[in-house]
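Structure, as structure tokens:
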Amino acid sequence: MSLVIPILLGTAREGRQSEKAARFVLEHMQAREGIETLLIDPRDFLGSAQTKAMPTEAAKRWSQTMARADGLVIVTPEYNHGYPGELKLMLDQLYSEYAQKAVAICGVSEGWTGGVRVVKQLVGIVHTLKMYPIRNALYFPNVGTLFDAEGQITDDRYVEMTQTMLDELVWLAEALKQKRES
Amino acid sequence: MSLVIPILLGTAREGRQSEKAARFVLEHMQAREGIETLLIDPRDFLGSAQTKAMPTEAAKRWSQTMARADGLVIVTPEYNHGYPGELKLMLDQLYSEYAQKAVAICGVSEGWTGGVRVVKQLVGIVHTLKMYPIRNALYFPNVGTLFDAEGQITDDRYVEMTQTMLDELVWLAEALKQKRES
Amino acid sequence: MSLVIPILLGTAREGRQSEKAARFVLEHMQAREGIETLLIDPRDFLGSAQTKAMPTEAAKRWSQTMARADGLVIVTPEYNHGYPGELKLMLDQLYSEYAQKAVAICGVSEGWTGGVRVVKQLVGIVHTLKMYPIRNALYFPNVGTLFDAEGQITDDRYVEMTQTMLDELVWLAEALKQKRES
Amino acid sequence: MSLVIPILLGTAREGRQSEKAARFVLEHMQAREGIETLLIDPRDFLGSAQTKAMPTEAAKRWSQTMARADGLVIVTPEYNHGYPGELKLMLDQLYSEYAQKAVAICGVSEGWTGGVRVVKQLVGIVHTLKMYPIRNALYFPNVGTLFDAEGQITDDRYVEMTQTMLDELVWLAEALKQKRES
């Protein structure tokens, strides 16, 4: 079964380190047969400074991306034990497009906690969006040193952990897709 | 497809009102074709006063019940915006038995909030247990008057809301069962 | 004791209804002796569409406002059971300015829940900011009808509930200010 | 100012490792001038296996302990990313005794996360109890190796971290006590 699963980066901040984590996951998803993916960068979508309303064209593009998706991977830094404003602006933009699809949530932190708190908080949010979050997650603690200057991960165990997460994500996405189409 | 979906009552307190809500859901699940259900009462399982360890026989019975289940409905009161201790003792007893199964969570409250906070908090817990929580829920606010003296619900809209919730639960339980068995 | 307690509105969306709730609280705080207050509107602060970085001048203004504050009231709608992106962008902008100050959190919703979930989620966020959140809160459910066309509240009980909340907020803000200055 | 601050252990499980963490904190609180403390063990309080109702005498003792306390330290393991049932049974037993007092929450885990999730979840619970939780916390990850066979901590940095936490706890407890008594 072929699945469409985009990756949503959680932050638009300058100097964001979590883009490295998102690109690491992207690379492994691209290498895996049967998954069509792309990186969604909030910078390409977010709207006017004042009202935060997303421009019509960007809103349409984001809606179409999720409408044809079978799942989603969120890779996000943890800010003050919560999710970044940019990520929530992206998520709040759509609604029915998310329904009955699988989602994996990955946390990134400068410190040792790997963003486990923001992952749990987002479990509650995606639940509202009628998505089904998987248990497995990737946590990227100490992001400043976990990736080297070229953005390569320095801990090999993440390769296997990524496969384990993708296994559960694909399992669930396939189960849901099969049911949606039956 | 035939599904096994028990109902877990969240409290063992004397005078518990939420038993009425659990029995209401039970009745509607029993009336629905293709669901085999039963009410799990923590009073029949919980263990010694001191260590809270569940007796061996009860632990085995609870494990066997969930092992053959395709899903679970939790009906629980909200105590101080969280879950009752008894409910957590029940949930913490098992682990692998829950994996990749569907779960619906229903909240009960004496006041007007219907337990929406405990439902959300439990979404985070069942996520850890590798269950997939559905979006629909039943909220039973003002439980002291929502049910009459005979324990009958006084608001007819709950009949339809129950069907809507069960529809999503069955949909997901079927999708997961089909995949588990394939 | 004289206290400085601004009100932070949680949303910049067009057509936002929660501004009415914020203005209701503002009015009652202005009427109360010993409190200096003002309404903080994210529209006057939020930054560039792309990176969301707050302009230097706005950042300075927001920092100075909170630095001299003894407490804060947050009035926010609940979006998908969480906080709006705009509110998080505002909160994430500062850090030490919040420390050891009192905070009250008020929720607004279109439906019946009054935003109790976003209030609880924000309790976890302000805790990270080293603020001390009070227990009392104002919940504004069904905001579309709770306020009339002129923005006047239609339920008189909110007047007394506002005083109860402000009593606890002032109590805590005074206790903390006294200790900070001793 | 002299303060009464008990320590509440979050679990009654056999073989509980978090008792070591609680005893470590106890020792440092006993060594500090101006704090009267004691360890509250749920095993000495929890009630009947069936209804979980606390025996009258134990309930009275727990009530009296918290009534004269100026604050509380909770030391708890994280079970399935949430709080143990025993801890919630203890907390749900009382209400007015907690009001307007300071609380510190410490997490313990077998894995690397140190219980940061249960600490955050409890912030939301103690908020309901009208306590004021401090920002600082002690996290005890990898508890199986963090303490040696004699129960001594093997990482010296915890001594200083404990002092930092107690500094904030005492600061807040004093501020609140002064205000309560004025």
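Note that the chains are named A, B, C and D in the order they appear, and that numbering of residues resets to 1 at the start of each chain.
In this text, a residue touches a chain if its C-beta (ideal position, glycine included) is under 8 Å from a C-beta of that chain, and two chains touch if they have at least 3 such contacts.
Small disclaimer: the values here were computed from a predicted structure and weren't measured.
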Item to check | Greatest separation from chain B - chain, by CA centre | outcome: C
Item to check | Chain pair with the higher count of C-beta pairs in contact (B-D, A-B) | outcome: B-D
Item to check | Centre-to-centre distance between chain B and chain A (centres being mean Cα positions), rounded to whole Å | outcome: 30
Checklist entry - Distance-wise, how many Å sit between the C-alpha centres of chain B and chain D, to the nearest whole number? => result 30
Checklist outcome for this item: Multi-chain contacts in chain B, i.e. residues touching at least two other chains, fall at 81, 120, 124, 127-129
Item to check | In the complex, chain A residues that touch chain B | outcome: 100, 120, 123-124, 127-130, 132-133, 135, 171-172, 174-176, 178-179
Item to check | Complex interface listing, chain D residues touching chain B | outcome: 12-14, 43, 46-53, 79-89, 91-92, 121, 124-125, 127-129
Item to check | Parts of chain D lying in touch with chain A, wherever the complex brings them together | outcome: 81, 112-114, 116-117, 120
